[in-house]
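Shared between the two complexes below is chain A, which has chain B as its partner in the first and chain C in the second.
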Partner chain A sequence: MLKTFPKGGVHPPENKISKERKIEELQLPKTVTIPISQHIGAPSTPIVNKGDKVKVGQLIAKSSGFVSTNIHSSVSGVVNKLEEMLDSSGYKRLSIVIDVEGDEWLDTIDRSKNIKKEVTASQEEIINKILDSGIVGLGGATFPSHVKLSIPKGKTAEYLIINGVECEPYLTSDHRLMLEKADEMLVGIEILMKAINVNKAFIGIENNKPDAIAHLIEKAKSYKGIEVHALKVQYPQGGEKQLIKALINREVPSGGLPVDVGAVVHNVGTAFAVYEAVQKNKPLFERVVSVTGKNLNQTANYLVRIGTSVNELIEAVGGLPLDTGKVVNGGPMMGKAIGSTDVPVTKGTSGILLFSEKESKRKDVYNCIRCGKCVSVCPMGLEPFLLMTLSEKAIWDRVESEKAMDCIECGSCSYTCPSSRPLLDFIRLGKSSVLKIIRTRQK
Partner chain B sequence: MNKQILTVSPSPHVYGKESVKSIMYGVIIAMIPAFAVSLFYFGLSALFVTLVAVISCIAFEWLIQKFILKNEPSISDGSAIITGMLLAFNVPSNLPIWMIVVGSLVAIGVAKMSFGGLGNNPFNPALVGRVFLLISFPVDMTSWPKPSVLNMNLVDVQTGATPLAVIKEGVKNGQQVSDLLNTLPSYFEMFIGNIGGSLGEVSAIALIIGGIYLLIKKIITWHIPVSMLGTMVIFSGILYLVNPDLYVDPLFHLLTGGALLGAIFMATDMVTSPMHPMSMIIFGVGIGLLTILIRVFGAYPEGVSFAILIMNAFVPLLNKIKPKRFGETKKV
Partner chain C sequence: MDSTILYTIISLTAIGVVSAMILYVVAQKFKVIEDPRIDDAANSLPGANCGGCGYPGCRGFAEACVKAETFDDLFCPVGGNETMKIVAKAIGKEAVEKAPMIAVVRCSGTYENRQKLNIYDGAVSCAISSALYSGDTGCKNGCLGLGDCVSVCKFDAIFIDKKTGLPVVDEEKCTACGACVKACPKLVIELRKKGPKSKRIFVSCINTDKGALAKKSCSVACIACKACLKACPHDAIVVENLIAYIDFEKCKLCRKCVDVCPTGSILELNFPPKKEKPADENAQKNDISSETNAGVAATIEKKE
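Up next, the complex of A and B:
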């Protein structure tokens, strides 16, 4: 029996159309738009001005607190402007716009292809390097990685858990990375293990990627303490809490952190970025993005410089098909629909997913038939139908006591409801109202 | 560049295939084997009763929505068809037609639409219709046509008592269970449906096939049927061990009356049953206990309908039992 998390979950059609497409470098854009807020936490502080010349990898915005991070230029050229620009959240955010000239990298970056296996940096050096290099969770959560690696006093990490699950349908960027950059990734994992001082790491990969599992098992033989585990395909296994449960059978307490049960979780993409930062001195300024959708003739996995417009990615696969009804930044279950394709790729963009108009339509909403399916698929053991009703009626104290804040917004409930009720929409409303109440209470 | 209008909506962006319609039509498909058996044993009259029930349920729902509630008609969701079929399954095939129409009106008008339609009704509509008929017209509702293969007559069928009623009457008159059993059809005949009873409840095998279909299609889960039938077996088994002359064996309880029809099709009705496994099990156990209590000690030979309706009333309470939250365990 393959491991998985025991409670809830759904299995949407996988549609990994782009899984055979090798990672290709996308052509350099003419300009990039780099928002100063691409991560969870405080926006970074810009340190360049209009007219400044920058190189690839140069720091352009500094971390502005513990939960924040650095941002680097992804291109060489001239800063055109600092201005509020539309980003994929649908809001205008301060961004640094750079006109591209050539492709001149900082000479501190090691651009050679050889794999540097030996890890010489100390624990402290590693964590500092990760902060300096602006690394955030690349699975989509964009939580600054150095924060996760700084274990709070009184807690100890026992295991490093590496998320190679890629449970979102369609997306294949992690899959390709595991196939094409296995050694780099494994060195990255060793570095992460050193950073949190553990000697055991588990890589969890869903069983729909047998090639990646076989490849990594083979490669991992020459690294100490790294185990690869095949997992049963089940969404949302990539959720931190579900993955920890699946791999080491421990349950992160409600309101707690993974480290409370001795685990620290990082994504495979993050492990690769850590390798590049620590071993090659290369900050995070590019990432792999899947461009996919059933209405595309051609799909791709591109290595993209941060700040490149989504338009360029879509043009590269042949342009936006006429029947496109929706473009999603991320996967179909948790990604965000974007109203305009003229927004930049950021550190959290794991995929650009196109839906035809037909696929974009929501179904008609019916009465709740009390089937209990939303309850049985909720991986957090919540009662989505109840949370929705309570949110509709604005009974916020009950929304809170029924544990709405535990909801990981995986969307399994809305996905499953035969009456097509907008469960998660209302739960989000409930959560944000409860959050406001909690904040005023703390004051 | 591109001027296409893109939809912006919150995640998730994909949805499962299941819909209210697909669930309802799944249930209808699952009822077909039992329906076919009833045609085989009760002939055209079974077809006639079922058609009248289904058509009147659909018609009443439509009329009430159109002229009283004035909202979107929802008859296409298939739930009125199910109510009609289940009502027909729960009456003798020789019931006068006008009674079936009245039963349908009670089921749809009183038990379903007056609570706000599909999803809001606390009691199973078909059972409310059936119990209403049973209380109002006890004689017609309890004289059962004897099954005769491919009977094409609409009138003049022989009537007789159901096995449960034979046992109940006999024991009351001081006869021994084993003697009474000799006068009844064999267990095999009960299994295939060659016994007296409501038109949809007679054939155990047909109901079980329907139940397996529902399980495979994930329309129902095992919790309610298994806990209900299990409780019936255990409870009646204990009584049987105490005194086999007075109490009939568990298998008899399972194969006769509405036990399987109730466990598979009525107690599992989504709207009127609890939402999570633990409360479903308690619900099933409750129905099982009440059924045997009524059958053995109550005034009626059959108790499944009453038992389900009583437990329906407990559903809001049972739903207060919370599923196990993730991370609820004490901090390590």
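Up next, the complex of A and C:
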């Protein structure tokens, strides 16, 4: 029996069309737009001005708090402007626009291809390096990694859990990374283990990636304490809490953190970025992005510089198909449709998904028939139908007492609803309202 | 048989009398003494329980009225001055006259004026849409047209015009309770003075983008050119955060700003159609003295 999480979950069609496409470097764009808020937490503070010359990897915005991180230039060139630009959040936010001139990297970055396996940095050095390099959770949540690695006093981590699940349909960026950069990733995992002082790491991979599982099991033999586990295919296994339950059978308490049960979870992409930062001195300024969709002639996994316009990615796979209905930033389950393709790729962009008009159309909404499907698929054991009604009626205290804040926004409820009710949309509304209430209460 | 009926009647009567005595004693002992004026006041209130006064329901408001020393901060927007007079009489206090207010939609971004850049097909709720992105047009501040204001209105006083996609306030029905103002996530709706004969002037735009950008996304956007600021003889206009705002307390409805606005974002409502000369007479008849007018005109000339 393959391991999985026990409660809820759905199994949408996988559609991993781009899984055979090797990671290619995308051509350098002419300009990049780098938003100063690409992570969860306080936006970074820009430290460059208009007209400044920057090199690849140069710090351009500084961390402005504990939960915040650094941002580096992804290209070399001249800062054109600091202005509010539209990004994938759908809103205009302050961004640094850089005109590309050549491709001049900082001298401190080790650009050689050889794999540096020996970890010499100390625990503290590793965490500082991760903050300096602006590394955030690359699974999509973009939570600053150094925060996760700084274990609060009184708590101890026992296991490092590496998320190679990639349960979102269509997306293949993590899959390709596991196949092509296995050694780098495993060194990255060793570094992470050292940072939180554990000697056991589990890599969880869903069983629809047998090649990656086999490859990593083979490679992991030469690393101490790293185990690879195949998991049953079930969405949302990539959720932190679900993955912990599946791998070590522990349940994160409501409102708690993974470290409360002795686990720290990182994505495979993050592990690779950590390797590059600590061993090669290379900050996070590029990431792998899947460009995929059923009506594309060609799909791809590109290594993209942060700040590249989504337009360039779509052009690179042959342009926007005529019958495109939606362009989604992320996967089909949790991703968000973007209103304009002229938005930059950020640290959290794991894929660009193109839907045809027919595929993307929302179905007509009918009344709730009380079938309870949403309840049975909710991986957090919530009652989505109830939360939606309460949010609609703005009964926020009950939304809170029904544990809306535990919702991980996986969208299984909306996916499964036979009346196609916008359950998650309203739960999100409820969550944001409750969050506001909690914040005012704390003041 | 007979005696059974008799005993039943006697015992039931006895139980009834005893219970009544207990109830009476308890009622006397735990009597809640309430100011009778609360009932009087509550009865004269509209009873819509809309919450527009800021209190939980009409009775809550009546209680507050009785407790309060003055009526300065108390006003029932639905009942208006008439009702407040009756309430004040019932309680035995002085009512404070307040100018009637009305909800005003500060957006003119109709389908014609604002080009749609994408299509929103999510849940029909402005709050949800605005959490996802800035909207389906280039304007980040304007009305989304999904009708959160319509669904919260208890008086059926606001509806979405299908031709323009914008909410329209029914002047007869609007009670200025402010429910729509609170519901609008974009803060498009504002409560303004209703004005004499419902005549009002306001900037029907809240776009805080720079002029060129605002104009590009909507043909009737305020571009913060400050022409109205210069034209206003009463100091009623402020331009802050790239948007003009007319202070309805200071505005004397002279309509000078309406004429100078290059984009037509300042709206005048319920004014008689303009004629060439009578308009000037009107302006003088309105409580603006020609002296102040001349004085301000002179200072403007000096500045220039």
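What we mean here is this: the second predicted complex is superposed on the first by the 443 of 443 C-alpha atoms of A that agree within 3 Å, B and C clash if a C-alpha of one lies under 4 Å from a C-alpha of the other, contacts with A are read in each partner's own complex, and residues count from 1 in each chain.
The rule is short, and it goes like this: a contact is a pair of C-beta atoms (placed from the backbone, for glycine too) under 8 Å apart; a residue touches a chain by one contact, two chains touch by 3 or more.
Owing to the predicted nature of the structure, the values given are computational and were not obtained by experimental measurement.
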item: Touched partner set for A:340, first chain B, second chain C, both or neither; value: both
item: Chain B versus chain C as contact partner of A:429, first or second or both or neither; value: second
item: Contacts of A:90 with chain B and chain C, given as first, second, both or neither; value: both
item: Touching partner for A:10 - first (chain B), second (chain C), both, neither; value: first
item: Most chain A residues touched (candidates chain B, chain C); value: B
item: Partner chain in contact with A:362 - chain B first, chain C second, else both or neither; value: both
item: On chain A, positions contacted by chain B and by chain C; value: 90, 336, 339-340, 362, 425, 428
item: Chain B partner contacts - residues on chain A that touch it in the complex; value: 7, 10, 12-13, 90, 169, 241, 245, 250-256, 260-261, 311, 319-320, 322, 324-328, 332-342, 353, 355, 359-360, 362-363, 366-373, 375-376, 378-383, 385, 403, 406, 409, 411, 414-420, 424-425, 428
item: Residues of chain A that touch chain C when the two form their complex; value: 86, 89-92, 336, 339-340, 361-362, 422, 425-426, 428-429, 432
item: Partner chain A, residues of chain B touching it in the complex; value: 1-2, 4, 6-16, 18-20, 22-23, 74, 77, 116-120, 221, 270-277, 322-332
item: Contact footprint of chain A on chain C as seen in their complex; value: 117-118, 121-123, 125, 127-128, 131-134, 136, 140
